[in-house]
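The structure follows.
By letter and in written order, the chains are A, B, C and D; residue numbering begins at 1 in each of them.
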């Protein structure tokens, strides 16, 4: 059983998400990072090879170069991970797919909805595996939550509150991570809504198993001079009529990475928080509260199979991320991984972003959400 | 220093809020409950006298009767507490004021905005003290939060998220407490928005010191057959342009009495939760988090003077409520109590309820909030 | 139904516990403070009458004076509350009992074990009601914990960890509250062990329903110059062989009033914390965790009958204290209140203090605990 | 920069800690598992190669075989990780060291103190790098805590409370993980004290920078029929006179992996909990409480350099473990890693275990702790 060989696009010096993808991909020993276009500057790309401890010969200055060179090797890459800023998702993914390689791509899918549709067409046309790294749906207790809802623990879902507060962009956006996120040329049409709002949206649909059919959006650019939204309120209606609220912000000083979700049905309620990801709280209509622990005996197979340590030994963000790569590896081996977010999820996310941005700009009130 | 003598209207058998008012009023030894119209049925009113341990002779069957009989006594009541369902607030308060007695009244102020204006006119005309029991603004750390914001700890307030989740009306509304709250004839025009949403609204204006100038409301009646709203989302704009979100619900299974508020400015953030009322969390833009403890040495005078126990000895809902009565007693003695919610606060609350209900019904989008 | 009339000994200017007793006694409307010896200085005692809002004529300069004067009144006091520093417990309680009045007394029972035995003899001889205010056993969820253990929720209790950390005496002991507690002449033979260790001891025996039969004590005086212990470690053995650990400290900087207890049996575990008193956590051997909420529907009668507000409306220290007074009032009315700590509990507490102090001084290892 | 090549001893089918070592070693891309003696049964060892995704040729049936075969390879292993039950630590580590290979070994160091001394002699004699995986000292905020204490944030340390509660051995010990831990032949002289008590001991010395000089131990075997301790109370004295309490238990039903430590000095206090490892709470004598977040700007270099994700993205047990391997890799490269637990730490741990077991058995009271 050799490891699957990964080529990365993006993740150069100063990047946060590149090393995260590397760790996540390799965590379970099924994948190895062996090549990359870590920068469009060939010298910088090569320099990055050292920090990733790969052969500098396999650090390329362009995707085309990587695709050609790796194709020529017996041990060439098996798939491509796209971890660039948003505006490069489409060209990178498209090229890799057209070269016959499966792709795992960071979120949001692309910079615009039109690009997303184009990418979806390429995925359909090539028939190759494609995944979007909605990290938070990789947490074991998020999968447990989904399973409990599907099993009827809450009864009919009536209400969803999903929040994603951060504070790191409350001041001036400086540093590599911040700068591209507030720049429409690189981030695309959404600021906060595209960076984190889309995670919240995906989490809500993932856990409920319900699609959002209508929304009302109020996006603001709070920090003076900011050109993209940094504070978002979106009201939701789900396909079954359930009411929802999605809050995302990057100007809430003191909030770290506070993604959390609460769901309520006619028979129960459920709460999960990313910053304390190893507990899930369940409520019943008759007043009982149960705390479910990651790694504990109450977990169903989706959660249990994606946990590596005994209960009480906290797993976190990297392990959740690794669960997506484990799913992706399974798909590459020809197995099923129904919980892995794919092109349809990515497309829904872009539709959400585009619809919210446009509806907010137009002060349009409730609008349908269609892909 | 004799105790001020209180006459209560409402609070008969099965009532929750009557005994709470009694305890709160008497907690600091400045007030004594001595008379009441605990029920419009004279026999039931008299029966209640026992549970309140007052002289049964002073348990009356009507307010007129109480006002007349007490006026005739040397030790007659000094003020009236109105603790009935909402539809009786106006007639009770009006009669007491016209009889020359100060009034402390439960929230919301009245059943309709028109009634609120009428009551405001009576208060203005009589010039008598009048208070509305927005309990949560009596918590010491809420007052500390207000003082910190006023002192600039957050810089310019940019964002407010205030939530009031409950779950007790997720099923069928049964029992004395539930039944009147879902009945328009007794609750007035608001369900959840009037019962708890208005608390959240008052808390947000109280702590920020800012008025809400616009809102967008989406109220729902989730439980089948419910005639009043039981789940509310309201977007807010404050006078300084700050963005706000107000969530209130009574169908969120497992939520108890989860009022909480988070505020963010350009220099800091602040979080307070009613269910753990004795800590206040403060954040600064440079990444520091401080936890302030009730009773601790960091408190300003507003909070310190309204705390009765050393730090670590939890005070709760009854003590917060008692702080309003202590303020009210101060006013009756001719002192100032600027933090006590009065008629203007009550009127703003009713304007909020009426505006939200109407705007939601009309799907009106953003509307101005004016009193 | 008139209120029982209370006379207080202690609680003069600067006292913390006097006003707490007043509030707790009056909270449920069954008792009224009407007289007191608030200071042995008649003028200061009279001055205190104002803050308690009682008739200054009934603020006395000595207990003998109060007993005599009150006996002469038709509306004289029905019982005496002793809230002085420890060295005055015996003389005050003895005099009141000998005057035919029931007594409720702060903890620890007396300054020495010999005094405790003398007081027990007086109680036995007079046959009058006598209670010790072990406040924490008044919390509803402590009573729920006791009921659950008694009902077998944990199986056989094997292990108890009870902790009472405070930090307020980590520096120099200054101020009225601190000074007498570190002075052997007023505090008696125990410092921290007598001030708070005894609460932890009582809580452990109260919830488990088991007596401690052996202990090993290691008491330290950490702050330079301190003459009484301020940091205590005590190992316990219970009558059924269960192992226990009792930690109490007043030099743990940042700890407020952190009393907490954890119990483990062969079938389950249980955790309660005073600073968040409205939840009780239960664990089962098969890995389930349940959170029980004060005021919620899962409570048994002991807890439910001692709760005044709906779930989610926090009650705290004063309400717990009031539950002891409610029990005491019940006893005075001739009813049973089996959970109210009485003379036997007080005597056990003094035996615990005396045994621990002596065993620690002698580095005696394990010693039996006998009353 | 090629990866260091690791050979593992232990970690066969059903093992928990083997895969953990593999993930931790490889997490930062500096080390690769390439060979192993996963079982003393050659067939089982080879079968395990698949789950580790290594070349089956390099899965050996004995350590001697591995050492010989790997020595013969150009790409032979650079070091050995010993992850067997305790009784195999000495023979495995000794053989590897004598073969000229550095060793990283699970804790406790050996099965007996005599073995520990023998191993220490071998380490001294060979002069090769040697580390013991006291995982918890790898957490970034544990390192921050150590740095803060060293910098005087607490003043003079006076008191340490370290607890390590678990509940998983409260019932019958079944399954591969449980069985060897309760078997003296494989676990050595300590049960709970050796399995987790020694972690608590090491954590206390690590953070305080102080050595324990005396202890008083009370170890119990609570579960009927258990031959080794499963519940431990140990009183500690540190070199500077500070008082300490160490509690460890494996029969506390509902406790998962609840390692936590609280330290108090004359100027401040500090609290850290393994189950919520990404916050550290600091208290000051003047009543301030600060919460420090992993990944946040307040961290010193020891913590910051051992964090991989931005604040709010939880890291956990595997990342803490990886920090030890990162330190070990640094040592192998010839760099300094002063925080990495080495042979001296391992030896102190064994002295702690042996002293506690013997002192408890003899009911010896306070005894010196010497290595």
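Assume a residue touches a chain if its C-beta (ideal position, glycine included) is under 8 Å from a C-beta of that chain, and two chains touch if they have at least 3 such contacts.
Listed by chain with UniProt protein names: A, B, C, D = Gfo/Idh/MocA family oxidoreductase.
Remember, predicted model here, so these are calculated numbers, not experimental data.
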**Fill in**
Greatest centre-to-centre gap (Cα means) from subunit B is with chain D
**Message:** Taking the mean of the CA coordinates per chain, how far is subunit B from subunit D in Å?
**Reply:** 54
**Asked** Between subunit B and subunit C, what's the gap in Å when you average each chain's C-alpha atoms?
**Response** 34
**Inter-centroid spacing, subunit D versus subunit C (mean Cα positions, whole Å)** = 42
**Asked** Tell me, which residues of subunit A touch at least two other chains?
**Response** 255, 281, 289, 293, 296, 311
**Asked** With chains as vertices joined when they touch, what's the shape: line, ring, star, complete or other?
**Response** complete
**Asked** In the complex of these two chains, what residues of subunit A are touching subunit D?
**Response** 1-3, 16, 19-20, 22-23, 26-30, 33, 50, 52-53, 166, 168, 177, 255-258, 274-278, 293, 295-296, 308-319
**Item:** Residue ranges of subunit C touching subunit D (in the complex, touch as defined)
**Value:** 154, 158-159, 161, 165, 167, 170-171, 216, 218, 220, 222, 231, 233, 235, 243, 245, 247, 249, 251-255, 262, 264-269, 271, 281-285, 289, 363, 365-366
**Prompt:** What residues of subunit D sit close enough to touch subunit B in their complex?
**Reply:** 281, 286-293, 296-298, 311
